[in-house]
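Please go over the structures that come below.
Note that chain A is present in both complexes that follow, paired respectively with chain B and with chain C.
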Partner chain A sequence: MKNGDFEPRIVGILCNWCSYAGADLAGISRIKYPANIRIIRVMCSGRVEPTFVLKAFAEGADGVLVSGCHPGDCHYGEGNYKAYARKVLIEKLLHQFGIEKERFKLTWVSANEGERFAQIVSEMVSEIKEIGPYRPPRERMRELQPGAGTPPAPGWLAEEELETAVAGGAVAGE
Partner chain B sequence: MPDVRIGVYVCHCGSNIADKVDCAGVAEFAGGLPKVTIARDYQYMCADPGQDLIRKDIKDHKLNRVVVASCSPRMHEPTFRKTLESAGLNAYFFEMANIREHVSWVTEGREQATEKAKALVAAAVARVFYHEPLYERFADMNKRTLVVGGGIAGIEAALKIAASGNQVVIVEKEPSIGGNMAKLDKTFPTLDCSACILTPKMVAAAQDENITLYTYAEVEKVEGYVGNFQVTIRKKARSVDMDKCTGCGICYNKCPAKVPNEFDEGLGMRKAIYVPFPQAVPNKPVIDRQNCTYFQKGKCGVCSKVCPTGAVDYAQEDQLVTEDFGAIIVSTGFETLDPTLGPQWGYGRYDNVITALQFERLVNASGPTQGKVVLKDGTVPKRVAVLHCVGSRDLNFREYCSRFCCMSSLKLAHLAKEKTGGEVYSFYIDMRAFGKGYEEFYNRVMEEGIHFIRGKGTEVIQRAGELFVRTEDTLLGKYREVPVDLVVLNVATVPRADAEKVAQTFGIQRSPDGFFLEAHVKLEPLKTATDGVFIAGGCQGPKDIPDSVSQGAGAAAEALSLIEAGKVKISPVVASVDEARCGGCKACLALCPYGAVDFDDEKKVAVVNEAVCKGCGTCAASCASGAMGVRHFTDEQILAQIGEVLAV
Partner chain C sequence: MSEKLKLAFYWAASCGGCDVAVLDTDEKLLEIAKIADIYFWPVAMDFKYKDIKALDKDFLDVCFFNGAVRNSEQEEIARLLREKSKLMIAFGSCACFGGIPALANLYDPEEILSWVYSGSFSTVGKNGTRPLTRVSVPEGELTLPEFYTAVYTLKDFVEVDYFLPGCPPPPELILGAVETLVSGVLPPRGSVLAPDKTVCDQCPREKQDKKVAAFRRPHEVIPDPDRCLLEQGIVCCGPGTRAGCGARCVQANMPCRGCFGPTDGVVDHGAKLAAVIATTATSKDENEAAERIGQIVDPAGTFYRFGLAASLLRGKSLKEEN
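Take a look at the complex of A and B:
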């Protein structure tokens, strides 16, 4: 597929206190960045469930950006650490679904980093342009000619990764 | 559920949005979305006519949901919620699409901007469908205020609040209040003596029955929320019983251990048991255990022996107290840049290179030389250089301007002239005399015969025992080396070394320069990201005394308006449990940063304590059975939004 005229669509899920405010500041400072991102506000990056990310891909997103406060700055103390712990789980999930890891990003942007926010979006857009549009694994497997390669192998959660994920609250219960 | 009827309003914001977004097109698009009864575009939605339009439509078209596509919800969400309320609709049946900060202001092309605006409107419409009525609750406002940092800003704030009859506690980490201003000799532009105007305020704070001073103390932990903060304060062991001590001073006169005096910026010596400066408040000593012979070697005990009231108490321990407050004012001030970071300035390498604060101490009558400006060898300098902007406006150190540095440099030049009668050279980049009476002060100092050299003093060297300041004189267009006897470095104003820790303790954010971040740079200079926590003075950025005092008074007004209201609104955006779905796994209990989730042992389900919950949603995000939710940020609402945001 030619990536030249491909315009990726990215869902941004941003915490109210830092990253959403940072994105506002980019606007207030009139910093231009690609229109490919559509932003949704949550109160804290710790609110972001893996389901939100999967839902975005299911709806046809080419990328998902989750952004919270810098470590130590979370308005609620440590919601961003929870988000960070869940990142492990989300990345594994995406891998199992055959979704390239470049399509999901967790970043920290403070209320004062309008420029940084614009830069992160610009970079993510060009990275995703590079790898092309997201297509569900099944679609891609159908296209695979016999002998042209093997479908992506499922990736399993390693023991120690599971532990961090559980400790961070990414996995509830046992 | 009654039929959902949504009204959508697309704001032009003058040309701010309309320049980039086809607002009429977006409204037309919105009109075709499911459940949308009416969609309009209008010049200024936040203005009265715009709000009237919404109110009228709610009545005429029986709307029960409203979406406004305009600026950031961080700006006008409260405005429109009130509009709905005034029309008899619950405020939470409202959703905003941010098509200004997130669209028109950041997008190059009109077509992309319009498309993105449509997507955000579609998502908002999908979300608002699932909104539920919520009701704000009220909690009592604790009337006590905590002031952290007893510099001039904090003192001013405390005095103003105390004057209203409300209680204030000042927590100051040093043994005395006063801050940087206490170290100054004279103050620009009037040249009145710093101690003469500061000491009465310090004493007033100590004597005010509504003010409690905790000096030599620090805040360890802050819990709770606006109106009801629980603050844990560490009162460091002073080793002196404040009730017994009369402040007679025999102890520090007899103490044999001598230590460089930090109040005199290391120029003079103090004792191990000491009062930081003669006008200290409280005027009672403290033992510096690091340097006390008794604490280090186990012998001596002179102070204890000579104390007539038996106030010295070596066994004293740090005390942790937890107190309740309704509002908090952080006024922890600033420090100055460590001059050894720039070896080119010669500090620490050459004897007669000192900082501005050291010079303030030299000219001060209660300083290490009783007010005489002398060189290391005791002689009076014949040529003094004052360097402005040392480390300020310098990409290698601090990019920003230290704001009052030109004015304090002028003051130092004046004092140097007055005290030495010698030649005084002032090295400046440009002269920033911005305040009331400041330009006049500049003119006055110029007439005193000081040599102004327009060029940054970039390097101090020593040749054959003589100091030279190197500069590019930009008026002459020449490099110059100016021989001098004493160099005064007016080093940059910088955030306190513990600014990061303090910011995290109080839930304050910081700007890229490291100073504390205000809620809005122009309109909310004293508020922070945390409701009920205010900032004042030099902790927000370099500030002179008039500005620090104004901010202190302003922060007091902020706290008082909360106190006067008597009650604080508590957001209904909190977690809630669907008992039927809760499996009782208790994962949320451990995750909640506030301990707001309890467990009902009988029903075997999680229970949310709404008074304590702040609505971050960490619990909801990790609930395996989907039983835990956050009101106004429910899974349904967010998933609907994600679903539609990609539809266009």
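Take a look at the complex of A and C:
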């Protein structure tokens, strides 16, 4: 499905002090940008674990945008440096998992860069529209799993994890 | 306990090391034999599948199942043994979370088959002949198990009562598990029969500030035997891996490879390890951070060495789907 109907679902994980405020500014300023991003606010980009990114992909996101304060501007001093080191490792991991590099981005957006935020989202949406939707292997493995009447519990996930995973699968089937 | 415990052991997609680990209990094995009868143990004793099929439901007290599930025979026996056993124990890292065999989930089944049956250097007769799952010969029909698209954990197919991780589980934990089962005071269903602490907790090395200037592979450096391996730049999975092994690898100057899986509450072992290890390489200079992380050669193979089949993504996207 690489046609014009495809609307990517992008999870945006934004830090409270800069990027979330930047996104807010984009809204207040009535800057137009695609509505494909679902924003989650965290206190700091240093809070973003690789697990968050992988979980978004596992539950059907087509892209993940993490955004924090510019280097040197972190409200907590060094959170965004941690985010950057993780970003490099996440990129390598995603490559090994066969996930295209366009699907994951770490950007720096300050509280007065509403324009910049809108532009980043627009670019990301158009890039992901190019490459098409992402389908997590877990979902496919579950379908292919022989002899399984009900979806099996993914090993090691807690029950509530499983429920959200199944709910994510239902959304993917829209 | 008046009656003897009825046990079964099975190996699926595994190397056989878990079965050897049972023998590693040494003379204690004789004590186990005193309190238990073994009804099924393909690696050591000559029982047939039909012997198990002939048993009543829940006849066996405990089944120790090692190995991941990769083909239809393994699934069939997993379901059979589940039906015949009161307790099913995922024994070893492969049964718990896929183990080393699950690294195959980073490849398409087609890539694997073509490498094994024509590509590899040791393949004789590279004419592309592949085994069939079913073939008719004058004597009748011959069948082979079906090769699944991916490697699964035991829990993907049957209900598992307890998890006993490790590659292989150390004898002390095996004996501890048997003692627990004999005592009749059972932990909550679904428990991992190992401590809920990390390897660092059992590691005797001296730990200071975790700041890594350069990552090096174990063969590239002779580590200081008393200092934390991670602080010396050797990627060690200890900070995010469950204890219970007695930190034997790190005491032999080898980094923890993560065979005990995550502690309770961790969603994705590999991602958690990636978070920890990347954070130690933090730098204010983006290029420097990128260079340091670049020295980690194979992140998926390092952080998901044992846990890929139980991870969030569970493997690489298959080619046909994108």
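FYI, the second predicted complex is superposed on the first by the 135 of 174 C-alpha atoms of A that agree within 3 Å, B and C clash if a C-alpha of one lies under 4 Å from a C-alpha of the other, contacts with A are read in each partner's own complex, and residues count from 1 in each chain.
Following the convention adopted for this analysis, a contact is a pair of C-beta atoms (placed from the backbone, for glycine too) under 8 Å apart; a residue touches a chain by one contact, two chains touch by 3 or more.
Owing to the predicted nature of the structure, the values given are computational and were not obtained by experimental measurement.
By the document's definition of touching, both partners, chain B and chain C, reach A:51. Residue contacts after overlaying the shared chain place A:73 against chain B, while chain C stays out of touching range.
In the superposed pair of complexes, A:9 makes contact with chain B only, with no contact to chain C.
In the superposition on chain A, A:28 makes contact with chain B only, not with chain C. In the superposed model, A:136 makes contact with chain C only, not with chain B. By the touch criterion defined above, A:98 lies against chain C but remains apart from chain B after alignment on the C-alpha atoms of chain A. Looking at the shared chain after the overlay, A:128 reaches neither chain B nor chain C.
Applying the stated contact rule after C-alpha superposition, one finds that A:90 touches chain C and leaves chain B untouched. Using the contact criterion defined above for the overlaid structures, shared-chain residue A:61 touches chain B, although it does not reach chain C.
Note: residues 49, 51, 55, 78, 82, 86 of chain A belong to the chain B contact set and to the chain C contact set alike, using the contact criterion stated above.
Residues of chain B touching chain A in their complex: 72-74, 98, 100-103, 105-109, 112-113, 115-116, 119-120, 123, 500, 503-504, 507, 509-512, 517, 529-530, 573, 583, 585, 587-588, 590-591, 593-594, 614-618, 620-624, 630, 633, 635, 638-639, 641-643, 645-646. Residues 49-51, 53-55, 57-58, 71, 78, 81-82, 84-86, 88-90, 92-93, 96-99, 132, 134-138, 140-141, 144-148, 152-158, 161 of chain A touch chain C in their complex.
Within the complex formed with chain A, the residues of chain C that make contact are 72, 75, 79, 96-98, 105-106, 146, 148-150, 152-157, 261-262, 265, 267-272, 274-275, 277-279, 281-284, 286, 289-290, 292-294, 296, 298-301, 303, 307, 309-318, 321-322.
The residues of chain A lying in touch with chain B in their complex are 9, 11, 16-18, 20-21, 23-24, 26-28, 30-33, 35, 38-44, 46-49, 51-52, 55-56, 59-61, 69, 72-73, 75-79, 82, 86, 110-113, 118, 169-173.
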